[in-house]
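Next, two complexes with chain A in common: one pairs it with chain B, the other with chain C.
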Partner chain A sequence: MVTLGIFDAFTPQNVQYLLGGLGITVGVSVISVILSFIAGSVIGIIQFERLPYFSKFVGTINNIIRNLPLLLIIFFVYFALPKLGIHLPIFWATVVAMSTFESSMLAEIVRGGLESIDKGQFEGARANGLSNLQTMFYIVLPQAYKKMIPPIISQLISLVKDTSLAMGIVLSEMTYRGQIIYAQNSTYIIPVLIVITLIYFLLNYGLSLIARWFDSKLA
Partner chain B sequence: MSMIEFKNVEKYYGNFHALKNINLEIDEGETVVLIGPSGSGKSTLIRTVNGLEEIQEGQLLVNGFDLHDPKTDINRIRKNVGMVFQHFNLYDNKSTIENIMLAPRLVLKRDEAENKKMAMALLEKVGLADKAANMPSELSGGQKQRVAIARSLAMQPKALLFDEPTSALDPEMIGDVLDVMRDIAKDSSMTMLVVTHEMSFAKAVADRVIFMADGQILEDSSTEAFFNNPTEPRAQQFLSQVEHH
Partner chain C sequence: MDLLQNNFSTFLQGFGYTLLSSVIALVVSMILGTFFAILQILPQKWVQKVGNIYVQVFRNIPLLIITFFFFLVVAKVIPMNGFTAGTIALSLYTSAFIAETVRAGILSVNSGQMEGARANGLSFWQAMQHIVLPQAFKIALPSLGNQFINLVKNSSILAFVGGLDLMYQGNMVAANTFDTFGTYIIVALFYLVITLPLSYYMQHLERKLKHAA
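And now, the complex of A and B:
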């Protein structure tokens, strides 16, 4: 064949191997997205509520985590926790590290979103007889989440991209597997990297389309 | 029986003494208008009645419960005391009818069919039955305020607080809102406390007028006595100023 071997990299075996990596990337992302959305919301609300001592305490921890490099957190969970007696399989170690980091990022978005809601909405609801929790759940959070959708989705997009950092602990996700494939033959480097790029792009572009759909649906 | 009773109430914002030794009794069914120059503490006073502002000293009894007692369940008081705000504070994420139906559903557990029927009847009453499905953003200021009044009435409160309900409205919208308030005042069992600058409304509807300045109640008299014969120089001055425009 005269075709420069661009497609040689994509033997059925290699494609299958790469797609398996994609599955792990998506798996880590989806689970981390769900966990960090829940935890981030709770932490954000705690910070917003300004409970005596507790909110300050949670806020401080959150700020520390938010300002650490994600890779460091991944190393900590995978290498340091076992020394403390907590052993996590590599997949779950990545999920825990990513969720911890992303929760602290999302908490900041949630807190900011809540702050942006007019005080009158709280007062109207409280004067109307709603409890604090009902006010949050029915009035304030729906309005806040609507405003938060763009920053939350962009945070989730970076979460998907950041799963590749788990290469650092040799999690067999997509980027890592791509590396294994082009290690077989250096002519594979460009085609494999292009395909990985395309896959990340499609994944994240899909997410941003979902964001836009939500936006139009809620507007 | 008194619905609202202030006994030696003091309120501070930091070092600022916002309410000074307030003593005030409002009976069930009474309509009381609270007037005074801006910054006199009228809004602060009315907001203490449903706990939107805390008091630091004294006793504040609403429907028999002491708001200054930490054991008092504030939500229970709010169930019986509605409030209408200057800036309406409708739920921006809910349609007009949902604004009215939400609290009865969540707080009073009112049956859904019954709830809807009552909400529609209230919208009818405030002249907005055709706006049931609209969002607040699609309503004019006057319409929003009438929905806000309907929302408060849906809880079937014993007392209604109005905090400058027409101050944010265009002049041509004010009449409709005042008409609705006049209607409510006719109901002899409803206690109303109204902060307003609408002197014609006060004259027509109020049983009593309270005049405040600098965080104090300076005058507390029947409507007739207040407008015909104000005793306090500051009240006289205030009246001559508002009546000249």
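And now, the complex of A and C:
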């Protein structure tokens, strides 16, 4: 069996364990992208609407979050929030941290998308008797979202990559589980790292192809 | 405040290492990124392919995995500490994003510029270096700035490999003092000192460029 070498690391249990980690990676990413899509849209619209004081305030908070390392936010949510009496299990701490960070990224994308919509669309809709909110929901947002699909998919790619940071708080995602496997035997390091790399690459490259397809369709 | 006073030298050391790692990675990734951007626009198909594969690989795998690869695998052959391994990984990872940015910059320079330069007797490389690249960098400046902000934020990855950076020192202080809340707020402020002014300046530049266009 010594000759097999590289494949020793991939016993059925280890493969199953690693794939379970992939499930958690994908789970965190999908939940976070949905939450940050909603929160990011709200924050982006608030910034776009230029409400007195409120928009400036929200924009400043957004800029602060956007300019912090995600790793710091993850540590903060998991290790510092309990001091304020907010205790979250590891999985949800990760989701909260990633959604907070990604919302601030998506808010910028939403704001940019809204600003790229022609002013005439607002004026036309308002002139036809739609309220401000109706104009936003039925006329402007659908057009803006269409343009935003490619950047939103690249944010999803970042999310999938960034879930690996959650091993810092011992979330049992794929990178962490890989580490557990190669901790059994140091000859496992290279094969396990290669397989994890391949899985991340295939997942993200697939997503980037989808983004490119939308890009070419919309152009 | 006591927390900041008692551990000031630790935070400052971490801040120094974060800055050092970011600046080294910026220089290396600019050189690598520009190189791979040019590869992707050369006429030879296979050269384009090489550039493209490099960019796709490093863009689509987590920075943490690249860091572990250098720290756990390459370090066995070429001895290096966590700081070096992390900075190399950071440089390679960022270079893929910079390559994309610079390539977009080059493509947005009017093709007449290259043709005009060639017609005036400049070689391809001369035209690239003196005519096209300076214009491309100017267009790409706001996105390059944003890449540098990402670089500073991503340097927190050094904490995973004992890289002595701000995040690493912050974790140490948090573990020693048990004041996780105060410590992470201070760490955040140190990061913001670098990233926030840069971010506002890049927004300003972007707006200026948009008005100029």
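By definition in this document, the second predicted complex is superposed on the first by the 205 of 219 C-alpha atoms of A that agree within 3 Å, B and C clash if a C-alpha of one lies under 4 Å from a C-alpha of the other, contacts with A are read in each partner's own complex, and residues count from 1 in each chain.
Keep this in mind: a residue touches a chain if its C-beta (ideal position, glycine included) is under 8 Å from a C-beta of that chain, and two chains touch if they have at least 3 such contacts.
Source: prediction; values computed, not measured.
**Q** Would you check which partner chain A:79 touches, where first means chain B only, second means chain C only, and both and neither mean what they say?
**A** After superposing on A, A:79 lies in contact with chain C but is clear of chain B.
**Q** Which one hits more chain A residues, chain B or chain C?
**A** C
**Q** Looking at the overlay, does A:147 come into contact with chain B only (first), chain C only (second), both, or neither?
**A** Neither partner.
**Q** Which partner does A:134 contact after superposing on A: first (chain B), second (chain C), both, neither?
**A** After superposing on A, A:134 lies in contact with chain B but is clear of chain C.
**Q** Would you sort A:121 into first (chain B), second (chain C), both or neither based on which partner it touches?
**A** After superposing on A, A:121 lies in contact with chain B but is clear of chain C.
**Q** Once the complexes are superposed, what residues of chain A are shared between the chain B interface and the chain C interface?
**A** Correct list for chain A: none, the interfaces share no residue.
**Q** Please give the residue numbers of chain A that touch chain B in the complex, ascending.
**A** Counting only chain A, the residues touching chain B are 118, 120-121, 123-131, 134, 138-139, 142-143, 146.
**Q** Which of the residues in chain A come into contact with chain C in the complex?
**A** Of all residues in chain A, those touching chain C are 63-64, 66-72, 75-76, 79-80, 82-84, 157, 161-162, 164-165, 167-168, 175, 179, 189-190, 193, 196-197, 200-201, 204-205, 208.
**Q** Going by the contact rule set out above, which residues of chain C touch chain A in the complex?
**A** Within the complex, chain C contacts chain A at residues 56-57, 59-65, 68-69, 72-73, 149, 153-157, 159-160, 167, 170-171, 174, 180-181, 183-185, 187-188, 191-192, 195-196, 199-200.
**Q** If we count contacts the way the header does, which residues on chain B are in touch with chain A in the complex?
**A** Residues of chain B touching chain A: 50, 52, 75, 78-79, 81-83, 85, 87-94, 102-103, 106-108, 148, 151-152, 155, 161.
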